[in-house]
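The following pair of complexes shares a single chain, chain A, combined with chain B in the former and chain C in the latter.
Now for the complex of A and B:
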């Protein structure tokens, strides 16, 4: 019964890619206009953390329904938890429930854990396949870009740090859009994969 | 330089993109948990990408562990592995499979099927050894987390209905939040431990093991899915209550918590063993939720009210004392009914392992009840009469003692859940299967 209602895995990747793209664009907009202008409408403060938190909730079904490998299950679980954690901490700061600016470190921690999960659950070498290459790239990108939210915790007005943080989500979205052999970006190149099977 | 980098990236992306990492089983014959009317001639495993067969790629195991499968071979563009089997007599069989994925990793899995009998759950596959002591401890942690979360919410909504002082409010959200996070983590650990036992693989192979037969083909797995998703929602509403300073999300979280706690009752002895019915499932749920509310309430008194809201100690204690009486009555009534159901003979209490664990649990429950009775009949009247001061200090230590005993009761309950009850009397002994080679 469950198998009958499960979407194809690539669709799930593209849905999350769309979510990350939206996250990135919202963060970019905030970085460009600055926190003061962005905060002129109070609801705007809640957009990206709220989206992040909701994406975390939606990642849980991915963890529970795609159980054909234990390590993928654990990786998806860690992304679900840290998306929720990051969104929850930022929402708390935006709402004024959390007062310390160091709660912003939650985003940095989330990127470090997510990047590590990408690298640990991808056991192949970089150039083994497109998926392997993109998993390694996504993992290292998350680890390197974790420096931006770390900088934001200490320099909240830094446009450079805010833009870097936003760029991470856009880069991740592009990676998720093209990590399958029938991807919208770079298409179906593989001879090994045969004809597109879906 | 920039152009070379771009070309390198495009070339890497164009390299063989064989779906995602390693191969997954897409279709199999016989299928998971299938009950066949005639013996299959062969076992066919179809993967989503090319695979290589290993000498033991397909094992068809009898209950006594004999492998009946012929030599496995990869066919149909290397996406299928096939092995012939002799004519199988009536009985239950386990298929253990392994294949080399084209990423070089070994992917593995296990499932069961039956020939003219119902297939056993995959957790009872040949080689699986059943719950270990680690699983018992993990289940205990699950119970404790459930008590912190659901019991804590119940206490907040039913006992301390008004606003809490900020310090107590903070403590309440810390305690229930820890319960919520722990519940999700412990649930995942419990699922992985059961999967490890089912697959019987070393860790390096287990991480690529296929857990989908456990997730979708067993009550345990379906409960894991439902309870995980349900308690994610509970966590989200708990968080919303904290963020918005509103009480209504707590009610939603509490309702969802009580509802999804039923997953344990719908997957345990009361739903699967002989004599089960909707009454036994309901009784199990009442037993479980009463225990959670009782233990969770005690812990909230001890950790939230006593240190965080001294002005509410008297009211909270007296109200909880009344609620605890009702909870204990429900707990005992449901527990007695379930014991009668699970014990065909009274002597099973002292002649079976299940009986021994139940006796230990009953002794601990009796101790906790005596402790609770002392609170109800000695401490509560004194508090109602306006006594306080040193009594509050002594009550704090006394509640710590009662909570410790309650934790021990939950530990005994965890062992009890993972122990098989005594068998119900059967009219006929099962016929042993024997194998004829074609």
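Now for the complex of A and C:
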């Protein structure tokens, strides 16, 4: 009965994709206009860190109800922790409680840990199924794009680095929207992956 | 007016014009982000209409009727355009 009430895992991926898409748009707009203009209305400074923190909170029930192995649970738990850590650090900077520009390293660390969790918890090869392919792609994308918040820690006014950081969330949103519970990838589909639907 | 002063004045005017053009361009891009996102959602809905289960609701479960990913993309674009973009565009123009 519970299984009938629970949403499918792909729905949860799409909800998080929606959050990441909004995050990407907000970060891209901030990168475009610069921190001074962005900070002219104080509430705007809290949008992306707040959204990031809230998404971290929502990742905990995903970890609890949607994981079916220890390594899967650990990966989701690490995403929850680092979404909250990254959001909290940026909230501290936005509020003025934290002053160092090097708190931006929290975002870089979050992407490195998240990317590693994607790669470590995916036990199958790239073309096993669509989910496996997207796990590998998202993992490597997070690791590569971690360079952008790293650059922002040292060059906070770099529009290129800020845009790159924003682009990560939009790319991640597209990947999560592409996710299906059980589906082929580029015509490849392992016989062990299950029965595809929709 | 000395020629030197006139040149400096002209340079200041040119720089002010360039800054104003840059601000206007940035404001337009910010205002376009929402509609561009919405367009992405519309294109997805056209390319994969079966993702919008509301178009063929018979036999669908409750979750499938609630979860409409192309609509989510459109809603994100709409919220950004209506809630965030206008203030940002306004502030770009007023920024010192």
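The rule we apply is simple: the second predicted complex is superposed on the first by the 174 of 198 C-alpha atoms of A that agree within 3 Å, B and C clash if a C-alpha of one lies under 4 Å from a C-alpha of the other, contacts with A are read in each partner's own complex, and residues count from 1 in each chain.
Heads up, the rule we're going with is that contacts are C-beta pairs under 8 Å (C-beta built on N, C-alpha and C of every residue); 3 or more make two chains touch, one makes a residue touch a chain.
All values reported here derive from a predicted model rather than from experimental measurement.
> Kindly classify A:8 by the partners it touches after superposition: chain B alone (first), chain C alone (second), both, or neither?
So A:8 only meets chain C here.
> Which chain, chain B or chain C, is in touch with more residues of chain A?
More residues of chain A are touched by B.
> Looking at the overlay, what does A:40 touch: chain B (first), chain C (second), both, or neither?
The second partner, chain C, only.
> Applying the touch criterion given at the start, work out whether A:88 contacts chain B, chain C, both or neither, answering first, second, both or neither.
The first partner, chain B, only.
> A:151 in the overlay: touching chain B, chain C, both, or neither? Say first, second, both or neither.
neither
> Regarding the shared-chain residue A:61, is it in contact with chain B (first), chain C (second), both, or neither?
First partner only.
> With both complexes overlaid on chain A, does A:29 touch chain B (first), chain C (second), both or neither?
The answer is second: A:29 touches chain C but not chain B.
> On chain A, which stretch or stretches are contacted by chain B in one complex as well as by chain C in the other?
After superposing on chain A, no chain A residue contacts both chain B and chain C.
> Which of the residues in chain A end up touching chain B in this complex?
1-3, 9, 53, 57, 60-61, 63-65, 67-74, 77, 80-81, 84, 88, 91-92, 95, 97, 121-124, 126-135, 178-181, 183, 186, 188-194, 197
> Per the contact definition, I'd like the list of chain A residues that touch chain C in the complex.
Touching chain C: residues 7-8, 11, 14-15, 17-18, 21-22, 25-26, 28-29, 32-33, 36-38, 40-41, 44, 47, 177, 198 of chain A.
> Name, in rising order, each residue of chain C that touches chain A in their complex.
The touching residues are 26, 29-30, 33-34, 37, 44, 50, 63, 67, 69, 72-73, 75-77, 79-80, 84-85, 87-88, 91-92, 94-95.
> So in the complex, the part of chain B that touches chain A is made up of which residues?
Per the touch definition, chain B meets chain A at residues 10, 12-22, 24-25, 48-50, 77, 102-105, 107, 184, 188, 192, 195, 206-212, 214-216, 221, 224-225, 228-229, 232-233, 235-236, 239, 242-244.
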